[in-house]
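Right, I'll just put the structure down here and ask away after.
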Amino acid sequence: MDFELTDDQLELQRIARDVLDREAPASLARDIAEGSGSADELWATLTSLDWPALCLPEPVGGLGHGWVELAVLLEEMGRHVAPGPFAATVAQFVPAVRHAGTLDQQERFLAPVAAAGATGALAVDEGAGTWDLAQIRASATRDGDSFVLSGIKCFVVDGASAEEIAVVVRVDGGLRVVVVPGEAVAARELNPIDATTRHATIDLEGVRVGHDRLLVGSDSDDVVVRAVQEATVGVAASTLGACQRILDLNLDHARERQQFGVPIGSFQAVKHKLVDMYCLVERTRALVYFAALAFDSDDDRRAIATSMAKAGAGECQQRCVQDGLQLFGGIGYTWEHELQLFLRRAKVGELHFGSSSSHRRRIARCAMSAP
Amino acid sequence: MRLGYDEKTEAFRDQFVAWLEANLPDPLLTAERPTSSAGVPEWARQFQRQMFDDGWLSPAYPSKLGGRSADLFEQMVYLEELGRRHVTRSFNPQGLGIVSASIVSFGNDEQIERWAVPIMRAEKTAALGMSEPGAGSDLAALATRAVLDGDHFVVNGQKVWTSGAHDADVLLVFVRTDPEAPKHKGISALIVETDTPGLDRRPFPDLGGPDHVDFNEVFFDDVLVPSTNLVGDLNDGWRICNGALAHERAMLWVMWSQSLDNMLDDALAELNGTSHADDDVVLDRLGRSIMDSHAIRLLGHRQLAKQQRGLVPAEQSILKLMGSEAQQDLAALILETLGAAALDQAVDSTLRFPYENDRGAVSWSDRYLFTFAGTISGGTSEIQRNIVAERVLGLPRG
Amino acid sequence: MDFELTDDQLELQRIARDVLDREAPASLARDIAEGSGSADELWATLTSLDWPALCLPEPVGGLGHGWVELAVLLEEMGRHVAPGPFAATVAQFVPAVRHAGTLDQQERFLAPVAAAGATGALAVDEGAGTWDLAQIRASATRDGDSFVLSGIKCFVVDGASAEEIAVVVRVDGGLRVVVVPGEAVAARELNPIDATTRHATIDLEGVRVGHDRLLVGSDSDDVVVRAVQEATVGVAASTLGACQRILDLNLDHARERQQFGVPIGSFQAVKHKLVDMYCLVERTRALVYFAALAFDSDDDRRAIATSMAKAGAGECQQRCVQDGLQLFGGIGYTWEHELQLFLRRAKVGELHFGSSSSHRRRIARCAMSAP
Amino acid sequence: MRLGYDEKTEAFRDQFVAWLEANLPDPLLTAERPTSSAGVPEWARQFQRQMFDDGWLSPAYPSKLGGRSADLFEQMVYLEELGRRHVTRSFNPQGLGIVSASIVSFGNDEQIERWAVPIMRAEKTAALGMSEPGAGSDLAALATRAVLDGDHFVVNGQKVWTSGAHDADVLLVFVRTDPEAPKHKGISALIVETDTPGLDRRPFPDLGGPDHVDFNEVFFDDVLVPSTNLVGDLNDGWRICNGALAHERAMLWVMWSQSLDNMLDDALAELNGTSHADDDVVLDRLGRSIMDSHAIRLLGHRQLAKQQRGLVPAEQSILKLMGSEAQQDLAALILETLGAAALDQAVDSTLRFPYENDRGAVSWSDRYLFTFAGTISGGTSEIQRNIVAERVLGLPRG
């Protein structure tokens, strides 16, 4: 295998970093957390730069890049604690439509994303907080030319703002995806610990949608599994980026901050903690890009790769948040310092799409049952 | 070794329990909450005053200073009974525990009457001006200067992390009065009234959110402080500084122990009845936190028993380290266990314990973040480990 | 409470340490591991010093001391990696007979221990390695004037050498203790990782004992629970002692060993690891003596105190073995260095009477179900 | 980025697989096991010689040195195929990987012919004399002296941790030849035949048990070594020393990766079918080890890809650290999980993999202890962390 970004991918990474350095400074996230900011302008800029189209298939107007490129962008978004609909749209809504929709349905729902930055979300969990598909009870029932929905969806990223929401429901017992206009559902927005990762609870009860909004590209539950896998790795990539930034901030701090007359980075205890953070960041990056590669190659290790990416990101954030805040000392314990913005972005990744522990157990069960 | 206390101590406990039952404020009157660690609501001031006047505020002190000359075991059961009921003695903890205590230990009678007693009686609130920007854990490096000019000191410089300064009436400020002396030697302690011209307090929020304000930067620009506000001798501030931090240190572990126990109670309540209560991974980690809680209390009792025998116990140097990290571990566990259910920061802010200093009644996410105050302030865990290694284990300085 | 050893207890500790410094040097454990040593002489000495009698009740000829004093002795035994029948006899066999036997039976089986150092063992587990009493299947069936036993007992400390073995069996479904002469059972000795902690598998099948060897002081299962609790805390106390010694050896090493021109104890990373070991040792000591006090006071926190002592010792040994060996570097990685003897004694404590994890889960379940 | 290899690499793989299938020794002939890391059984010597003669022993080398000038990806699939079959290239790993490799890199043609080729053809075995008592991880402090006297060096001093020396024919010994020069500068490398008078090898057991003997102390008492045995230039030994340790370092991670994978296979086999396989606490920790195994392989591949592009990757500095600690974590997990079942040291010593260097086929208790060889030797994990902090993360020296 060749497990390093190509020159083109490295160039994409460089460009993405430059764009976000300029367009998504940490002050934007802070403004949003303080209620005075908006992500709209950033989204307009990214749309003008074709970010929404980049990893969409060419038939719907996309540029046809793969998951590795998407992981590059998502990692940079996390690294900049960038707000806005990018992650939920391209890593949650798009995979659901791509895998579950017919070509026509893909065209209908994805072309607006590629062309004009239409936004989307994905609604899966119903309150357990496990994203376990077996627990899904929400349903869509055929009634004449339309479907009537029932149920509640929780922890829906951008659930109160997305234009279209891919909702996982049961139809005749099987898992299906219905694309519901955001304005059709009642959404209650939460006050999340990371203000740049907005969540809502949405109420589907009695919502009626046209029958052509049921995605019928496949009648297998597997397409839903695949969509949730991609969404999960998207969260891991964003967490990875936030962790990288926490590490970077800490390295700068350790080189500059003086205590007892020397930079604190010369203390062995500080060094060793930073090395452990670095190792976990590198470990997580390996696992996240392995999952991205597995998606791009339709490799049958997708399930375990997904869980490894998510659990890896979770272990990484645990250590980076813990030691990253501790090593900063009092300065990092203020609202003013940007560190807290990245801590919150890193921590929020652990709290959705399944905990590290649940994913580790899946990995082990999977290995136990392998021949 | 034995599990219980002797009769004399139990009699003391009974006496205090009777007093508490007769004097605890009506919970309905406790709706007004503190605004900072020096912004004390009126009902709490009244209760603190009552405790002082009845000799229950600082039981180790003589009666004229709000106490009854209690011994260590009596102080222990006193704190147990307060903790059991979640009763906060003072909502201005640095004022009572450090500022007034330092004045009582090192000040003169006039200073005690003018500041210490009013702070104890909650007529005034106080804050502690110790940390400075850039000095971090290195207290000996403090740079705020005070120059004696006739009957006043002229103070210039800056303090930071001064909890509650914006709500406080007075500050106890450590200043450098002899810039020529070796680092430790030229420090003095001054009482500064916060309405003195040239003193500027700038509160700033901690990482809990823009409205979570307790810390201050405090700027001194030619602030004139009467020389009679000098606590202790000139240039003897290092001793007071250590004394201030050490004050009530003997019993400080009780705070760590009780706040861990409180968090544990909340954690058990949070998990009980959920599927997490049956998750072996959660139980495994929770078991460790329960052990921490017991071990910290037991080690505290061991320290107490040694002190009662006149020994100098090593335990106190590890109790802050263990207590603060145990809280962090537990908060992390609950945050991770609740997962998506912890995404939302909104919490039920209904007061469960009306007498508790509940500015911490927040989401588990914030509770986790706030545990870092414990592992960072008052000497980071890393500094604590260095101290234990060198002073307790006898390892060479690095 | 008063949670410090009394002057008498401190004096006992000092004497015990002196005796073992002299009579149980680490070379004795090494000789035993190499097959050339014997614990007999040490046992004779300890018997002559009344160690077996010390914590036995006065009616059977004991000196009437409590569990705190026993913990002092067991901790010192661990601290010296002392071999021999002391722990199994006084912390395993004796509690079983004391709690389950009538006064006559206590006199019959314990007086020889107090007077002449008769040795005993306790047989509980049947192969699961959990010491879970619910899993006990071995039985004693009345046949005329005697009982016929059936079943296998595993991991019996001193099972191949003890003169009497207290065997936990089922009689009519309830848990009972039968005292079986060691010579009556077939024992297969294991090759344990710590040569000073000998274990055997014993075969009870068809063994016949007199009816008066069934302990009938109580018909409650609780007495067996209590005996196993005491045995468990005995293991924890020995582990604690071994950990203390590992810490002591490491502290000496850190002060003396030079690297890059300075003692390695001046490196922060070394310091911090030693402080963590120290904290865990102190934490474990608190939990072990709390359990001992709970036994002495018949306190109803006995169960949780037992699990805390055992899990505390387990966490402590994990860190002390791990960091204690790592910090020593190559020198500790040799058979010649005494460190390995203490590592093995510390580690063996984790492997019997229930793992740390199982005890932690018990603690949490217990707290969860408390009012 | 891509998951597979290109056609050229796969063709190379096919060629090697065909050779292996034709040439692997009959498992029945492999019953004789190695006695130490230089005590190689005859069947293994023959197989190693066959590999050399057929150009498969060191594929990166040119054909006259047992190779076929393979590129990095080809070396990778070569190692994958060996690992998949648990085939050990050489049961004298330091001899092949360090001693002969150093002679090939730094020695002259005569030395290559006299020692390197015989070591590669398993006609001789070799050991590495580097560590000294008291020097620990501080290689620059080595004190064994060699004084040039005519056409001989006179060597005096002591080495320790010399694996397999008692079974080796030659030693590669690092000695101080200029005591006046700064620490790094006065070191040279000598080949010493082990039957030279004055050389005394004293094997000693490791903590695995009195019969677990691989390490040696080696004493040099006026040992005369011909000056033609000097490898490289006089006083240029530091470069060789670094080269020796760095040799094949590019591929060293494969060893860490494969030995972790092997332990993981054993762990899964051990747990499967037991109640532990359903214990969430065990599964949680086991999941982490599986992630370690994948991550280490992936990071190794990333290093490889960077090297193939001519970059100097930082990964190699963390792969030993991560690999050795991951093994330790896994061994600890299995030991703790098996609990009482791991009390007994006796293990089924039946060989599962006849071609494997299985001196490690022991109880989980010993496997756990033996993982410390990985975290201690070749620079302890603490030293590794210092190196990564300073060289990769750019932190200041302490």
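Letters A, B, C and D name the chains as they come in the text, with residue numbers starting at 1 for each one.
Operating definition for what follows: a residue touches a chain if its C-beta (ideal position, glycine included) is under 8 Å from a C-beta of that chain, and two chains touch if they have at least 3 such contacts.
No experiment lies behind these values; they were computed from the predicted model shown.
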Most remote chain, CA-based centroid, reference being chain D: B
Contact-richer chain pair (by C-beta pairs counted) among A-D and C-D: A-D
Chain centre separation (chain A, chain B; CA means) in Å: 41
Touching two or more other chains - residues of chain C: 267-270, 272, 357, 361
Multi-chain contact sites of chain B, meaning residues that touch two or more partners: 280-281, 284, 382, 385, 398
In the complex with chain D, residue positions of chain B that touch it: 279-281, 284
List of chain A residues in touch with chain D within their complex: 1-6, 9, 68, 251, 254-255, 262-263, 265-268, 270-272, 274-276, 278-279, 282-283, 286-287, 289-290, 293-294, 297, 299, 304, 307-308, 311-312, 315, 357, 359-365, 367-368
Residues of chain B defined as touching chain C within the complex: 1-5, 268, 271-272, 277, 280, 282-288, 290-292, 294-295, 298-299, 301-302, 304-306, 308-309, 315, 318, 321-322, 382, 385-386, 388-390, 392-398
Contacting residues of chain A [partner chain C, same complex]: 267-269, 272
Interface residues, chain D side, partner chain C - complex: 131, 134, 136-138, 160-161, 204-210, 212, 215, 281, 328, 332, 335-346, 363, 365-366, 369, 372-373, 375-377, 380-382, 385, 398
